[in-house]
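Input: structures, listed below.
Both complexes below contain chain A, partnered by chain B and then by chain C.
And then the complex of A and B:
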């Protein structure tokens, strides 16, 4: 019988994978995908805690997180398209104009 | 080992392995497809957690809408492979110039990772006695009508704000991705 601890460990592992992706990858789209992994790791925590506490609030928060993720993906991908049009590259190292 | 435990391990393994492959792939098209597999595993875990509504939403909204949008952009940009020769050559010159600048953040990142792992182990040692799920509460959390009732009463304001957020994101995406009119370009 998997307990709350199992789900929390799984969620922590997924979050760590997402964090590693954000830091290690050199492609804007893959970085956005890693952020989606992190969001889903947190969603799993919400649902697991909601189940443990016998409340539907966890699932409702997940619903809102999904909405925010959809908005983030739309705006983020629009920015990626605009950046690609200017630089012909998806490498974040190519977009350092504002860096000192 | 009960069937539920077996399913937990299967879905958990699918999710973790697919997520690892997402960040290990060089081709973003494969990354997006593997992320869909990872979300399918997560959806199975939601079913195990007595959350069928969330499981279906996960598939319909995430795999059906968000990741298809990602796939569309990846194929539209047609730049699937990261680190082309030209990129690597340019990065080498950048790396040589900033090697000393980068070692600081790298050290900081490694330190942060070690702190994270230690904290995680410490936290896990303390919660090993965390209880099993109460089987009597399964009906309360799996009911879609209960979710709808709470969503449209207690969380009604947040729900309405969400619609504003979606409109703002939609308009923002259109404005950002639009091409500049030919005469207006400075």
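And then the complex of A and C:
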């Protein structure tokens, strides 16, 4: 029987995977996906806490977060498209116009 | 029945103006002139009137937005930021041929998000407001679609912004798990009850929220996006985001950390101490090395975030009042300075190297004089408003016993004077270099008026600050 701790550990692992992805992956689309993984890890935390506390608030919050994540993905992909038009590349190391 | 809407009327006015701008652009015939900027001014005036009417009323909407005087003071700052930004933006929009409806609608939506963030009393609403303002700002940063630098800056800002939002949200999740609520009031009460036995979850909650806020107020070591985004965006947008985002984020920062999480102050005050010291020092030291005025002002804005953190760590009522006054002064000063950078820019040339300002005194004497005012105010010279603002922040820190932090603050502001003065010396004492000299454009009337008004405001606040200081001090009592 999984307990709250199990869910929290699972979501912490997911969050860590997302964080590592942002730093380690060399493709901007994958980096955006990593941020989505982080947000979904947080969603899992909210649902787990909501269940443990016996309230639906946690699950309602998840709907808000999903909406925000969708809006963020839309804006993010639009920015990636403008970026791709200038450089024809998805490697973040190619974007070096701005430095320190 | 409509009583519960009272507290959000200022935001509704601004949002309505934003929608009107969007619809007006959609129905505009090609080439037909339409006063979309003035629509925003109408919305902001509505917001200003409703803010004045709500003053001292302590209205609450739906239990998650409270128009207390603290929130209303920040709303008033944001209205000033909005009006000045609209005036400064007008010539940029014309010159660069930017899509008017999009530009003004995004600016107004982002202002509405900032106002919501300043008055929200629920962590979830603070998060939503943060996203509303950030998403609009990401797009505004990259609004010059033909500019590669704009796209890169917008992407970096977006990436780090989204990343930090996830941390912030994770922090909210732990607060919810600990207290079963996201409402600041209840969080505060329950945190106070648990304060004696602080476990790992509390540390995680506070730490993650702190990372989220530190990103938004560009505190060191989370400031990497600041110079890039500030340099890439059109200067009018930079002026808007460097002041508006800071005001909104610091309002929420003060609300969350000095009310809901105040019971845990022993746990976070030392971390914020280190953040404040690092932010002041790095912002100043790296600022000295910059050759572009925009990047110099970006690092100066990082350093100013450090002074505000110094007030935050002091945590007493004097400090909260000092934060409000500082935010107002910083907003007007920085907008004025970026306004000048914005009017000196041409379509193909940014004209933002320090050497481009050589001999400005002989070509544009009024602009040079105004720039001198703004830079002296940023450096904290009397009789400019920046002096009074810094004075109050340092006084609050010493009063709270953070003498070393105040000393670091004073030392870094002395160093920062070096790079502000370098520009001033350049403007007055060097002759323009004949070879690299670019002809600077004539100043548009509206933006010029906004710049002069900003300068008058900082002179007024520097010479006769008492009334506004009293307002700021009075608005911090009863903050939720």
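Here is the rule we go by: the second predicted complex is superposed on the first by the 100 of 100 C-alpha atoms of A that agree within 3 Å, B and C clash if a C-alpha of one lies under 4 Å from a C-alpha of the other, contacts with A are read in each partner's own complex, and residues count from 1 in each chain.
Convention: a contact is a pair of C-beta atoms (placed from the backbone, for glycine too) under 8 Å apart; a residue touches a chain by one contact, two chains touch by 3 or more.
This is a predicted model, so every value here is computed, not measured.
In the superposition on chain A, the chain among chain B and chain C reaching more residues of chain A is B. In the superposed model, A:65 makes contact with chain C only, not with chain B. When both complexes are overlaid on chain A, the residue A:35 reaches chain C alone and has no touch with chain B.
Once the two complexes are overlaid on the shared chain, A:79 sits against chain B and chain C alike.
After overlaying the two complexes on the shared chain, residue contacts for A:16 are found with chain B alone; chain C is out of touch.
Looking at the shared chain after the overlay, A:57 reaches both chain B and chain C.
Applying the stated touch rule to the two superposed structures, the overlap between the chain B and chain C interfaces on chain A comprises residues 18, 32, 48, 50, 52, 55, 57-58, 64, 68, 71-72, 75, 78-80, 82.
Per the touch definition, chain C reaches chain A in the complex via residues 124, 127-128, 131, 135, 138-139, 142, 145, 148-149, 151-156, 158-159, 162-163, 165-166, 169-170, 173-174, 176-177, 180-182, 227-228, 231-232, 286. For chain A in complex with chain C, the touching residues are 15, 18-19, 22, 28, 31-32, 35, 38-39, 41-42, 45-46, 48-50, 52-53, 55, 57-58, 61, 64-65, 68, 71-72, 75-76, 78-80, 82-83, 85-87, 95, 97-98, 100.
On the chain A side of its complex with chain B, the touching residues are 1-10, 12-14, 16-18, 20-21, 23-27, 29-30, 32-34, 36-37, 40, 43-44, 47-48, 50-52, 54-60, 62-64, 66-75, 77-82, 84, 88-91, 93-94. Contact residues on chain B toward chain A in their complex (touch as defined above): 2, 4-5, 8, 12, 15-16, 19-20, 22-23, 25, 28, 31-32, 35, 38-39, 42, 45-46, 48-51, 53-54, 57-58, 61-62, 65-67, 69-70, 73-74, 76-77, 79, 82-83, 87, 90-91, 94, 109, 116, 120, 124, 127-128, 130-134, 137, 140-141, 143, 146-147, 150-151, 155, 158, 162, 165-166, 168-170, 172-174, 176-177.
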